[in-house]
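One chain, chain A, appears in both complexes that follow, with chain B as partner in the first and chain C in the second.
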Partner chain A sequence: MSDIKITKGQVEYLASLAQLELTRQEMEKFASQLTSILQYVNRIKDVELSDDVQRNFNNVNTFRNDDNPHKAGEHRDAILEAMPETKDNLLVVKKILNN
Partner chain B sequence: MVDIDLQDLTIREAHKALKAGEYSVRDLVDAYLANIEKDNKKGKGINAYLHLFTDIDERVEIAQKMFAEGSATELTGIPVGLKAIIAKKGQITNASSKILEHYKATYSATVVEKLEKQGVIFLGSTNTDEFAMGASTENSAFGVTKNPVDTSRIAGGSSGGSVAAVAANMCLVALGTDTGGSIREPASFCGVVGMRPTYGAVSRYGAMPMGSSFDQISPTAKTVEDVQIVFEAMRGTDDYDMTVLPEDTWQKDNTKDKYKIAIPRSLIDGSSDEVKAVFNSFVEKIRTEGYDVEDINIPILKEVLAIYYILIPAEVSSNLARYDGMRYGSKVDGDNLWDTYKKTRGQGFGDEVKRRIMLGTYVLSAGYADKYYEKALALREELKSELAKVYEKYDFILTPTAPVVAPKIGSMEGDPLTEYLMDIFTVTANTAQTCAISIPAKVCEGKLPVGVQFMSAQENDDALLDIAKKLGR
Partner chain C sequence: MTKQEDKGIIGNKTGKVYYPTIGLEIHAEMKTQTKMFCRCKNDPFNSEPNTHICPVCTGQPGALPFVNKQAVKNVMRVGVALGSSLADFSEFDRKNYFYPDIPKAYQISQYQYPLVSGGSLVGVELERIHMEEDTATSIHKTNYSLVDFNRSSVPLMELVTMPVIHSADKAIEFARELQLLLRTLGVSDANLEKGEMRIEANISVSTNGHFDGDFSKLGTKTEVKNLNSFKVVGQAIDFEVARHIAILEGESDGELIQETRGWDENKQATFSQRSKETADDYRYFPDPDIPKYRFSDLPEFSVDVLKESLPELPWEKRERYKVAYGIKNEDIDFYLQNPKFGEIFDEAVNELSSDVEYKKLSNYISSDLAGLQKNEVGDLSNVVGTELAVIVQMINRGELSSRGAKDLLLEMYKNGGKAEQIANEKGLIQKSDPEELKRVIEQIILDNPKQVGEYKDGAEKLLQYFVGQGMKATKGSANPSILAELFREGLK
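Let's turn to the complex of A and B:
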């Protein structure tokens, strides 16, 4: 159980996958906290699964039916208003490619 | 101002008085607003509300008109608190997060629309752990909510603001959400009632998602009857939430004259002495009242917390990917798009949110997904099937709601696992997508409140409310 140890380097990697900028201090703190949480949840490795449980994970469509669309533009102003940065009714984003 | 006794007021009593003209909707709302003014930010500094809504006066007029026209329902004019996770159109709905600090909801949650149609007055947005992640409200970006019973202690969480508002007479009833115990645990700590309905009983549309297969909008009030009135008004199908169970599910009557109750004794042994003492005398009391109570062993229950804290971070890590500073919320500019994402999220999210996003990223990543996520999913099915067997023989599983009484503010700082362990009894209902309720045990006076939890099978919500009414207030 105690073989799990999350290093500062792993925290840095996880943070980059999750698009989070962390300070050095945060990385150290999270390394020890994530270690203790993972050591706890790792207890499930010792639990055996019985054979008679169906493992279909209830995969049904949980999205709204794709019908009855609202009137085009009905919500446009409200949505635009929530955007931090717009120009001529368009969302402004940063450039994606570096020069 | 008319003097209204808010301490013991119920929805039905308020409705009767409003209908008879003993006082007006304005008087009732003002009585609650006066308490908020006195003790929310000032006075005791309960910090149940983050802010009040700007349309209260308008809503009061609508409700008063409904009484004049004779179209008022039991809920018309009732002042309600709304967790900052649940959207109300045009009002700041910030999930107690810096990343949404000034965000105004562009639409109302289905439950908000349903209740406002009945003339409910939502007073304000109530405090929560950031994005409902926590059991203390200490993870709110805008300060902890204090327990009205003892202000040196936490109100619990994540729906701590909603529950404290009810306990401190800052609203008659309130809406929260319950993903792992978030309405029941604070209800236990503050001495009120909190019900988590069956998954799919109430539309989640407009509630910011944390763990989409666990979340459920949940009512809290001082009495079971009030909780039931709000629950009945909220439930039902919704075109915007396909996980809501069909109407005919709720036509059956699951109530009985005599119920059988199971206690998973070994799980309870780890609770504090104070909680065990109250719980045992509660069990003794209902036994002498003639209830059929039996100790049983359900081995998988001790694994649920681990299952929960694998699946929840996994769902969190994908659900919170939407907060990127582009389409809404706060944005921190960086050198390029990726840098902007990282800075926005790094500065906008608090510690607990970051921890869960990273844990979720870990348990879902290649090489670990089989060991953690897939295994936990399989165990979730196993839990459901084990519980189905228990519920064939017993109507309810009874436990304390939390293993401890409300901790002192700050006592869990930097120790997330200790906070997680407070969810030991509550996460089962969420993981199995079943229903549960916490009612005050009320066996000894003068001490800190201790709640007891009844859990039941999916769609057995009416039986759950029935026993809670018989044993609670």
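Let's turn to the complex of A and C:
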């Protein structure tokens, strides 16, 4: 099961969706790296599992009750501090076009 | 263009018949205490920027979403109210795209297994209702933008109709009724101006007749977003239908392509929002951070239990008011849109027993009491339904004139109290006792010798003056025609 192959074209497309600019060398490098990562992950398919194991989802139907809200501002400072740039407690980003 | 309701629109040049087809996508923010996937407070409108934020709703690495049960239940309750099918199996998916208001670079939404499928509202069939999270909000400055995450991950339901709407009016009717339903269920405030309810319309026109399930028959579809009032929904749909037809007729050289458009309020026109930056490839996949749901294992999500939790639904209420009390349609609408007045009506009407009383009661609530709320300082909660019923009964027994009823209602609206007690204290009880009125009249005749002389000399117009004096003396509680009769008698 090692026939997965990521092409340079796919990397280029993904980069455009992610709004990343990649050089030709980077695209080639990522195509081969992503191919080997996916081939590695794909090996899980070779593991023989019984039906019982496949169906054993322990954590189905887990919910949280709609109560005990965080205190207002509890996490605010830590998160604002981690932001690259802020202004009046707002995150500054490049100008958003096209609404 | 000639409009012929559901018969289509005839093109000016070719005489072809064009059928508009409209589908709606409506988002509504769910009213819960906490957000969809974290315990931050769901309160995006009344807070300083970035107050209700945490690692989960700002997309910090390693933070795990935890599903809010009430939000899921609310969407299922909407589904039950609309006669939809509820999912047995459901899951959440990642909708991947890059935008500053979406901190994880994906929005948690639902793709293949929505919570709710099918159902209908005002005769419009639904495709699905699913659950997702709202985005952050952004503020645009000249050279940069600012992001506030208070709204990030607020629970959001998305309802999608089938493309079975053919006019702007029907689209508005649907959206209004949905708003009313969401408010009745208490699941969303659904204000359009605040963006708590957001309407998008998918519009196409075709010469192949109405949609019959065959999507290939439909014309090129455009999607108009950011419609922030019912009026704009109608304007945008009418504009797009006319624009499509004009292009198809060759009357306009614009282009008709599948695209997203916005509404320009100043130009009263839609405009293209195409952008090279956003490709429509969301690469949905099940979110591995969130467990799956098997609702048949959860009794509290069964249709029967959820049905139990529903209040009287708008269409049920309409039917009840019509059948049981026969009140005017506009009064019924008023009670639906203003539930506090509806509650007063319900409380009062139980004490009454005839159609005449029901109608009188409804009139006092929908015009007089509504007017007081608009124009006077007071409090609606001062007006108790059962006391309003007493007022109606007093009017019917002839104890209260309509003038007196208005004064009583004003007093009650301002300061509360019992109807009979106020009427007595303010001297509003109608003086229909002829003996008492006679005494009043004799006094007035004694007090006005000059006018009495003139009247007796033939100035009959002065009768009105005496009636006026009589009304004044009885603080408006007397019946003017009875007063006139008694004066005529007394001045002979």
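What we mean here is this: the second predicted complex is superposed on the first by the 51 of 99 C-alpha atoms of A that agree within 3 Å, B and C clash if a C-alpha of one lies under 4 Å from a C-alpha of the other, contacts with A are read in each partner's own complex, and residues count from 1 in each chain.
One rule holds for everything that comes next: a residue touches a chain if its C-beta (ideal position, glycine included) is under 8 Å from a C-beta of that chain, and two chains touch if they have at least 3 such contacts.
Note that the structure is predicted; figures quoted are calculated from it, not measured.
Q: So, does A:K29 touch the first partner chain B, the second partner chain C, both, or neither?
A: first
Q: Go through the superposed model and pick first if A:D3 touches only chain B, second if only chain C, both, or neither.
A: neither
Q: Give one of first, second, both or neither to describe whether A:V41 is in contact with chain B, with chain C, with both, or with none.
A: first
Q: More residues of chain A are touched by which chain, chain B or chain C?
A: Touching more of chain A: B.
Q: Contacts for A:G73 in the overlay, against chain B (first) and chain C (second): which applies, first, second, both or neither?
A: second
Q: Which partner does A:P84 reach: the first (chain B), the second (chain C), both, or neither?
A: first
Q: Check whether A:V93 is in contact with chain B, with chain C, with both or with neither, and answer first, second, both or neither.
A: In the superposed model, A:V93 contacts both chain B and chain C.
Q: Which holds for A:A15: it touches chain B only (first), chain C only (second), both, or neither?
A: Touch status of A:A15: first partner only.
Q: I'd like to check the shared interface: which positions of chain A are touched by both chain B and chain C across the two complexes?
A: 16-19, 57, 61-65, 68, 75, 79, 82, 91, 93-96, 98
Q: Flag every residue of chain C that touches chain A in the complex, lowest number first.
A: Per the stated touch rule, the residues are 32-34, 38-42, 47-55, 58, 60, 66-72, 96-100, 105, 138-149, 226, 262, 273, 275, 277-279, 281, 283, 291-295, 297-298.
Q: Taking the complex as given, what residues does chain A use to touch chain C?
A: 16-19, 57, 59-70, 72-76, 79-80, 82, 87-99
Q: Write out the stretch or stretches of chain A touching chain B in their complex.
A: 6, 11, 14-22, 26, 29-30, 33-34, 36-38, 40-45, 47, 49-50, 52-55, 57, 61-65, 68, 75, 78-79, 81-85, 91, 93-96, 98
Q: List the residues on chain B that touch chain A in their complex, please.
A: Counting only chain B, the residues touching chain A are 103-104, 106-107, 239-243, 300, 303, 306-307, 309-310, 317, 321, 324-331, 333-334, 336-343, 345-347, 349, 351, 354-355, 357-359, 361-362, 365, 371-372, 375-379, 381-382, 385, 414, 416-417, 420.
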